Structure formats: C-alpha cells, structure tokens
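In the two complexes that follow, subunit A is the common piece, with subunit B as its partner first and subunit C second.
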Partner chain A sequence: MTQAALPQSTVRKSWWRRNQIAITPYLFLAPGVLFFAVYVIIPIFQSFGISLQDWDGLGQPTYVGFENYRELGNDPAFYTSLKNNVWWLLLYLLAIPAGLGIALFLNQTVTGIRIYKSLFFFPFVISQVVVGLVFTWFYDPAFGLLNVMLGWFGAGPINVLGDPRYVTFGIILAGLWPQTAYCMILYLTGLNAVNPEQIEAGRLDNAKGWRMLWHIVLPQLKPATFIAFVVTIIGALRSFDLISIMTQGGPFGSSRVLSFYMFEVALSEYGFRMGYGAAIAVVLFLIMLCFIAYFLFSMYREERR
Partner chain B sequence: MFPTPIEKQPRAAQLTYQAFLPLALLLWLLPLIAVMIFSIKPGADFGNANYWGWPSSFEGFTNYGKVFLESQMPRYLLNSVLITVPTVIGCIALSAMTGFALGIYRFRANLWIFFMFVAGNFVPFQILMVPVRDLTLDLGLYNTKTGLVLFHIAFQTGFCTLFMRNFIRQLPFELIEAARVEGVAEWRIFWFVVLPLMKPALAALSVLVFTFIWNDYFWAVVLTQGAESQPVTAGITSFNAQYRAAYHLMSAGSIVAALPPVAMFFLMQKHFIAGLTLGAVK
Partner chain C sequence: MLKTLKASVAVAGLVAGGHAFAAEHESLSGDLVIFSDMSNPAPRAVMEGLVAEFGEMHPDLNIELTVIDREAYKTQIRNFLTANAPDVANWYAGNRMAPYVDAGLFMDVSDIWEGEMSENLASTKSAMTMDDKQWGVPYTYYQWGVYYRADLYDEYGLEEPQDWETLKSNCQTLLDNGIKCFTIGTKFLWTAGGWFDYLNMRTNGYDYHMQLTAGEIPWTDDGVRQTFANWRELIDMGAFVDNHTAYSWQEALPFMVNGEAAAYLMGNFAVAPLREAGLSDDQLDYYQFPAINPDVELAEDAPTDTFHVPAQASNPEAGKAFLKYVTSPEVQTRINASDALGQLPINSQASVGDDKFLQQGFEVLSSNAPGGVAQFFDRDAPAEMAKVAMEGFQQFMVQPDQLDNILQRLEQATGRIYDK
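Right, the complex of A and B next:
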C-alpha cells in the first residue's frame, strides 16, 4: 500500500520542485497585478474609449469620434485651465530650492533641533483640505492675517481669492507650503549622507558657501533632488483638493486647472458629460506621460548600472 | 557637515541662530497657529470683529465638545478609520507579495511588470475617474466604504510595490539561497525568511499609506456621497456648510480632522521619514 502510494507522490512533488522557482513569482504577483489591472491599467484605456463618446454616464453612449477633442480646441475654459497648469508646474518647482534652503538652515545640531525639524515638516502631514481651509482664512479680505499684515505696511486689503489676477498664485502658494516641507525632509535626509571627507577636502581647497554648495554638496544630493522633482511634478499636476476647497475654480473659472475642470465637466451640476471629461483627462494624461517616460527612463538607467 | 556647524561660528552668530530659529518656525506655522487660536475663541468674538485680539473667554472645551457631540464629525472620523485601516492592511499584504516576486526572482517580464506598477502610480487620478466610478456603480459599491477601500488598495499597491521591491533588493540574497539549498519551500522562504526582515519597510509603508488615505479627498468625493460612508476630509465640507461663518467651530473641526495623521507622524517619525525618502537616499 505505502509502496504504491509513495512513488506517485514523489513524482508530483518533484514536478512542483522542478518548477517551483519558475511558478512562485507569478502566484505571488497574481492578486496584486489583478487588482492593479482592474482599477488602474484597464481604466486608462477605457478613458481613451470614453473620450470618443458622448455619454451622460447613465444612458447609451454614442460614438462621436474626435468631436470632444474638437470642442476642447474651441473651449476658452480649457485654455485657462491649461495656462494655469503651466503656472502650477513652473511655480510648484520653487518648492525644491525652498526646501533645500530650509534644510540647510535646519541642518545643525543645537538642542531641540529635532523638534524644530518635525514642526517644519508639519504642513505636509495635514490633509490638503485643511491646508486649503487654513489658507482661505489666511487670505480672507475681512479678517485674514495676510491683510492684517499688509495693513501694517499701509497696503491692501487684497481679496486674493476673489481676484482673477491673483487667485491661481494664491492657491499655488498654499500648495507650496506642504510641498516645501516635503522637499525639506528629502534634503535633510540627503544632507545626512553627504560625505564629510569631501566637505573637509573642499574646505582645505578654500571652497566656501555657494561654491561649496554648488560643486560639492549638490552633486551628492542628486538622488534627493530627483525624488523631489518627481513628487513635485506629480503634485503640481494632481492639484485638485486645494482648488476645490478654496475657490471651486472661481472667480469666473479663472483658477481652474485641467484636473479640476475635468471633474467639473463630468461630475458636477453643470451636467454629466463623461465623454468630454474623459477627453480632458486624456490631455492631462498625455502631459503627465512625458514626465512618466522621463522618470521611467531615469530609473531604467539606474537599473542597468 | 554642511553648512559649517554653528558651534564653530563666533558667539554672536550662534545667538542669532538660536533666536532666529523659533521666529522662523512661528512664521512658517503662522496660518496654522491662527486656526488654533480661532478654535478656542467664543463665537461672539467673531461677531464683534475681535478676530485677532485676545479671546474674550477660553471656549476650547465648548467648541471641541460641540464638534464631537453635536455634529456628524465622530461618524466621519469613524468612517475614515474604517476606510484607512483595511486599506493599509490590504495593500501591505498585496505589495509584500508583489515586492517579493519582483525583488527575488529573475524572469522575463520582471522589469516590465515593475515599471507597470511605477508608471500606474504616477498617473493623474482623473484618467481613472470615469471608469472607476462606473465600475464601482456596477459592483453595487457606490457610496460604500468597501468601494473606496478596494480602489485605494489597488492604487496604493503601485507605490508600495516600488518601495517593497527596492527594499527586498537590498537584503542579503545569500540568505535565500541558503534556505533553498536546505530545501525550504518558496512560500516558506517568503513567510519565515523575507517577511521578518521586511519589518522596517512594512512599518514605514503602513504609516505612509495611512496618511495618504486619511488625507484623500478626491476619491472620497467621486465614490461616496453621504455621512454614512464619507471620510472626514469630505465630511469637513458638509460640516462647514452646517456651521457657515461659525469660524470657531470650523477651526475646531478642521483641527480634529487633521489630527490623526499628525499623531501618527509624531509617534512613528523615524518610519515615516524612511518611507518618504523611498529608500533611495540612504
């Protein structure tokens, strides 16, 4: 009995043994890949499909070809959003030098510096919704601290969020607050790892201040700068929460960005135009794709080394 | 060390630095401090336009008491917990497995699958919005916490896989080879050899994902509607609508909503920062 059963089981076992290493990774990947495919990868392609349709989200979609994109070309709100997105991208990058500046300022070893570092990092941990509320009150023309302070210098009052000229910059400034904190922490960690021997060598060669920073410290901070760049670009293109909380895209739609305009078109009281919304999302995605390609290319080069 | 340590500078510079530090912090946190002051003022102060003067009475307990007892806030907070905790567990579990598979094994699709996770992680939410909302509706999960959790798990798995895989790559591979020579099954290697070594990564990711999900607003608005399923980030807007112009209550509510990730951060600071720097800055 046992003899009859044994060989069979060893055969099965050895098949599994032989192929175990080849099969295991796929088994481990299966649930994660499945989830990710269903909720992330496939929807990207579905969005491309929906952008070619006229659809209210409930009834039958009708195929309209590139009609949505043609409409985008003549939509002034789309150009306003695009222009604001460019501002976001450019100005948000200020978080990188600002973060580096604060990191350099805090990279000391006086008593209590750890608490200072944590408290400077604070804004990043708070949700953007709360950051938005905090800054809305900060800018408030009636009682906001900003106008109180401007009053000391005899200026103002300015209604930052009510003025189409300033509104986008006001929101970007609010966004820079947590983003700078993020970049700061990246650089603080990076500065910890800077090679002290090279610094000393630089000192012996009489390098000081800016020259030391530029020629010796910054090259060693390259990995931190790369991550700071990646997260800042993504953050800039994802800006939605702040706009939604602070202005709802107003006044007169002047603070919209693509991500907010898309939401407005597809899911707000203006009507459920899923196809048109998807077309805006596709444009945003294509902008992002340039950066994603660059990030992946950089990572690929690192992998090859 | 760069910049030059302050101890090596003249005494005057040291004192200036010491004095400047709290001042800079005060300036940096000014908008937040303002909200904290608002949250302990009585409502009457706002009527009398006493915005920045000394509070006419300390009403911290009254204001925060109202937030907890007379509004939907506790419910939103509970929703947030019920959304955040399962998401953290789910995506840590999934990404420990994917990270293990991509970090340990060599197979042809390895780098492609890895890049798929990384790329998907960078995608703007809006391109997913319409199809994911539609899928959630079809599954009958619209306006439920489960619907939100499932999406969050899937999306965060991208970021977590990136992190886990890089972490596992840095583990000594000899350990795994030694286990294989001993004839240990692969899943046992995962469970008994690799997983215990991944504790720092698991901790870092848990804290980080907790914060991300707690602070999520976009998906909360897209996938949920009412007090029965909305997390606190979305709830705060209806809370504010309820207490329009009652700045003392809105401030107190905002602080309550912001507090859990802040507490998490201060408790698990080391892990949090290790997570943020992605392990790329060693």
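Right, the complex of A and C next:
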C-alpha cells in the first residue's frame, strides 16, 4: 500500500514543482477575484434578474418581464432624476479647472504655504455629512449666511433647498467644495513632477502665461487630469449622501438622482419595490458602464504605449 | 444603536405596582426576546421599566430587550421578522401593519381580544383588525389638533374658532398684524399629510377619507378638489410660514416660539419641545380643528403605537402574556402618565395623566370625534401611496396652480398601487 501511494505523491509533488511559478499569481489573485465576483459581478446579474420581477422583498416574486422598464419610461420622477444626474455629471466637472486653478495659485514658495495648502484641502477631509449640514445651514432661508449676505444688497431671501429651480444646483455647489479640494491635491502632486528643464526651455522660446500653461505644463499634468476626471465622475455618480442629508430628494422629488430614487423606491420607509428599484439600478449601471468602458480603454491604451 | 438589557439585572422604579396582579398569570419560562423602537429617552425608560416589572412577575423568564433607533427600526423590521424573529415587536396600527399581516409575519392574537378586552380597547379595535382578526395590541396614542399661542390670540381679541369662517377671519387679523397664522415645516412631507387629513375629514367626512386612502375613490373626485380648494384659501391668504419646504417639523417650532406664527397643526408630541423652548401653559393652548362642512361629523387623527407577536416567535406564549400585560388599565395608566410617555392610554379603564393637553385631547377623542378616529395619512394609506401623495401635498402648498397635474399623477399611482 505504501508502495502504491508513493509514486502518486511524487507525481503530485513534481507537478506542483513544475507549475509553482505559473500558478502562484493565480493563487494570489484568487481571494480578490472570489470576493469581487461574489460582491460585485454576481450581484450585477442578480439585480438584472430582480428587475424583471415584481417583488416586495417579503412575499413571492412574480415574473413581469420588462414591465418595470416600461413603467420607468412613463415615470416623470425617473426623468427628473435622470436630468439631475446629467447636471451632476456636467457641473461636477467644474471641480477639475477649479482645482487646477487653486493648485497653480498655491504652487509657490511663500512662508507658511503648507498651512494654506492644508486649509484648502480641509473640506475634503471632513465627512460629506458635515459638508451637507454646513451647506444646509448656509442656505437656510431664515438665518443662513447666504441670505444674510444677500440682505446686505437688499436682495430677498432665496430658499435654495426648498425651491425646485435651485435645489439641485445648491447641492452640486456643496459637493464641489470638497471635490475641488480633491482635484487640487491631485494637481499639486502633479505639479511637483513637472520637469523644470522643459519649463526653462519654454521660457527660452518665449512662452508665457496661457501658452506656457497650455502647451508645456498641462501636457505634463495629463496623468493627474485623468485621475481627477475619474474621481470626479465617480463622485458625481455617488452624490447620494449629500442629497440624503440636505433635502431627502425634495422638495417634491425635484433634487433626486437615480441612486437616491432607487433607494427611495426599494429600501426606504415608504416603499419596497425591489423590482422597480433594481430596474433603476440597471439603468444607472448602464450609464456608469459608458464611463467604465472609457476609463478601461484609456488605461489600456496608456499601457500599450 | 443597539442595546441589550437583561431584565434580571435592572429593576426600575415602575416595579412597585406589579406584584398585585402577578399571581393572575400562569408561570412562564424560557426566553422572551423583545425588539422595541422606543429609543427616545422617555419611551426607552418606560420600555425598560415594563421589562423589569414583567421580569419580576415571571422570575423564571429570561427577558432580552433590544432597543433599536426609531427610524432605523422601520426598515429593519422587515429583516428581523423574516430571519430572526423576536417574541414581541413594536409597530403601528392601521394600514402600516398590512404588509406584515398579508405576508403572514404577525401572529393572530384575537384570543387576547376576547371578552372584556374588546370593550376596553374598542377605540382602536378597527385599526388592529384585518380579515376579522386582531394582529396586535395598542399601548398608546396621542391626539392631533391646533396648538396655538393663547397670548397672541388674546392680544388681538381672537377666540378659538368653531367653524371655518372664524378660522379664516382669525387668520386675516393675524396676517394684518404681521403674524403668520400657521407654522409648518414640510421638508419631510408628513406634516402636510396632517393638514390634508384634517381638511379632507372636515370637508368630506371620515368615511370618505377612509375610502380615499383605501383607493376606492379616485383622487380626481370633486370631493377631493373641494378639499384642495379649501386648502388653497389658506395658501392664497399666505397663512403658512414662507419657505416651509426647507424645514423639518422641529425647525418650524421657533416661528411659534418667537411669535412670528400663531399656531401649529401638530401631534401632542409638539408640546414638550414648545415648553422646553420657554412657552408657559398660559401662552400655549389647544383647540380641536374646527368644522368646515357642517354636515359631516368631526373626526380626528390619533396615531396608535402597538405591540405584536411575530408569527415566527419562538416563545409566543410569553409574547402574548406580555401583550396582555401592557394592555391592562394599570400599566396603560402608568406608561402614559405625563411623567412617562405623556400620551393617552387606549384602555378605557385607564386614567389620563394630569396635564391640560392630555385632558383636552382625551376629551376630544372620547366624546367629540363622532365621525371616527383615523391613524394618520401615512398609516391609513399604503406606504407607497402615502409617499407619492404627501409629495403632491407639498408641491400643492408651493405651486397650487399645479393641482390638476398633481391629482392626475396621484390617480395614475393608485392604478398601480391598489391593483395588487
């Protein structure tokens, strides 16, 4: 028996020996891939499955085909959310030029510049919930600083968070505050890596101001710009917490975005329509997929170079 | 925000009265797991006192109390009823319990209601009944009504209104003196639901209101339009504080405390913060929402909080015993006293706390609400409908011209929600 077992174990051992190097990376990858599959990939398909059902999360789900999507098409609240999502994506990008501007401004050697840099970076360090609360008070129509300041010029109080016309822009502005700081820090590190010899060469060729920025500094900041773009898009799509803190999607639903609407429909106090919520999630996923595809494509191109 | 309390360790002051009727109960043993949403300081003390006393009565019973934050509870209940059911759980009466009754997650406790109990708890029996069975027991409720600044009313020679015309003429006098008639904060929507409840019950009556929230009357009905027309009279006068969409109900309180607004249509829980803010009982008073249509009987909102035994409870006997215990007149008197919950007991044999608002509220609910007692808009209507409708109410208060669109939208939603 021992004789029968021996050759087998030597075979296995030698197979392991032979393939050790090849297998190791996969072994190291395995836990990550496993968790990514369980918590990200599989739920994507599950969401799609649930979106084809009518389910309150308690009883038996019933298959309804594309009924949820058809209803989405006739749902004015869905279009409001979608429109707000587009506003978020567009206006949030302002954080990139604003961050670049502040970074250029702070990129100098003055006494105490580190303190100024930290102060500018401060809003990114505090929690989004705090940012939301601070801006809620800032906008408050009764005692908010904004309306006190408007009062100095004789302008009437503006109910930013209670008026369907201004509310989304009010929240986006609140979100831009920390996001600008984030982009700023990305550009500050980027500026450290700008090659002084190229600047020198540009000087000799008489480049100044905008031309210097556009043709010599910005191209070297391209990696920073790319990362700033990625984090800003992600930030815009993750706008949930600010909306939840500042308005709860109100007044009468005019500041919802897709992620908040999904939460309201599927998981909040007043509704447990898992199927409908999942349908919104799928739409949101498709929007994100466009960006994800673009990011992956850019990175792939970058690596091939 | 979870806290577990072993009853055997903590024995609070409420214990004293418990011994008298301990002997009536059969001995219980095993574990009794209670999940409660009574997370605010006063309710929490009450709940802990109840557990301690019940534990004294049943020394062999090991009681575990878990208090969950009131808001978080509303979503967590779905999970723990299906996955990890306690033996007793807090919830609400009316349509709010319908999803769990329909899904078979609450236990039928009709046997507790047999005999005398049904008479004593008659005021809320209909709100606890579905399919001719009772699914839990109530332990407290509170009145809604108009809380107003009596000193401001005196200053301008105003009386508590008994009819709609007086309410409006009072309001006009206040407005002429630069004071808003009503404060309100509609950020979280439900405050507008309270206004709709009262206006609709006063315009069309309790039965109509119940049929509307049950989806039997279309939102585009002329009766509903009349309700909104009445509401619009106040809105067009400028009766409500400006920018109410930006405030929660608490944030709307300072307008009344500062005398910028004279009254607040609210539940009795508004009294405590108003007193804390410095209003004395001479300055603060209460009146029942006046009649609008003299042909309909007065009906009131009185949201009821309840205890249930989940269907998957592992010790349902102990759970039911606890339900029986909290409905007894002695316990209801004590837990609703003004130094405890400060609300109204349901059991008609219980006595009401010594507080002018509790006394008035009790008076209104027991003898001046012949039309009926409603739970509240978001408990009478299905949750989804409540959300859509209250959003519509908020929009109406800001953009009254959009009424047709709003009603159209609500009607569209009913088609989907009540169809199931």
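One rule holds in what follows: the second predicted complex is superposed on the first by the 290 of 305 C-alpha atoms of A that agree within 3 Å, B and C clash if a C-alpha of one lies under 4 Å from a C-alpha of the other, contacts with A are read in each partner's own complex, and residues count from 1 in each chain.
Following the convention adopted for this analysis, a residue touches a chain if its C-beta (ideal position, glycine included) is under 8 Å from a C-beta of that chain, and two chains touch if they have at least 3 such contacts.
Note that the structure is predicted; figures quoted are calculated from it, not measured.
**Student:** Quick check for you: in the superposed arrangement, does A:Ile42 touch first (subunit B), second (subunit C), both or neither?
**Tutor:** After superposing on A, A:Ile42 lies in contact with subunit B but is clear of subunit C.
**Student:** Pick one for A:Phe28: touches subunit B only (first), subunit C only (second), both, or neither.
**Tutor:** first
**Student:** Which of the two partners, first being subunit B and second being subunit C, lies in contact with A:Ala201: first, second, both, or neither?
**Tutor:** neither
**Student:** Figure out whether A:Val86 sits in contact with subunit B (first) or subunit C (second), or with both, or with neither.
**Tutor:** In the superposition, A:Val86 contacts neither subunit B nor subunit C.
**Student:** Just checking: does A:Ala278 make contact with subunit B only, subunit C only, both, or neither of them? Give me first, second, both or neither.
**Tutor:** first
**Student:** Taking the superposition on A as described, I'd like to know which of subunit B and subunit C A:Cys290 touches: first, second, both or neither.
**Tutor:** After superposing on A, A:Cys290 lies clear of both subunit B and subunit C.
**Student:** Contacts for A:Leu237 in the overlay, against subunit B (first) and subunit C (second): which applies, first, second, both or neither?
**Tutor:** So A:Leu237 only meets subunit B here.
**Student:** Considering each complex separately, which residues of subunit A are in contact with subunit B in the first and with subunit C in the second?
**Tutor:** 57, 267
**Student:** Applying the document's contact rule, which stretches of subunit A touch subunit C when the two form their complex?
**Tutor:** 56-59, 71, 76, 139-142, 157, 159, 161-164, 247-248, 250-253, 264, 267-273
**Student:** Which residues, counting only subunit A, touch subunit B once they are in their complex?
**Tutor:** It is residues 20-22, 24-26, 28-29, 31-33, 35-36, 38-44, 46-47, 50, 57, 104-105, 107-110, 113, 116, 118-123, 125-130, 133-135, 137-138, 143, 145, 148, 177, 182, 185-186, 189-191, 193-194, 196, 199, 212-213, 216-217, 223-224, 226-227, 230, 234, 237-238, 240-241, 244-245, 258-259, 262-263, 266-267, 274, 277-278, 280-282, 284-285, 288, 291-292, 295-296, 299-300, 303 of subunit A that touch subunit B.
**Student:** If we count contacts the way the header does, which residues on subunit B are in touch with subunit A in the complex?
**Tutor:** 1-3, 5-7, 17-18, 21, 24-25, 28-32, 34-35, 38, 46, 49, 51-52, 94-95, 97-98, 100-102, 104-105, 107, 110-111, 113, 115-120, 122-135, 150-151, 153-155, 157-158, 161, 180, 185-187, 190, 211, 214-215, 217-218, 221-222, 233, 236-237, 240, 247, 250-251, 254-255, 257-258, 261-262, 264-266, 269, 273, 276-278, 280-282
**Student:** Show me the residue ranges of subunit C that touch subunit A in the complex, using the header's touch definition.
**Tutor:** Checking each residue of subunit C against subunit A gives 71, 74-75, 78, 82, 99-100, 102-103, 105, 186-189, 242-246, 254, 378, 383-384, 386-387, 391-392, 394-395, 398, 409, 416.
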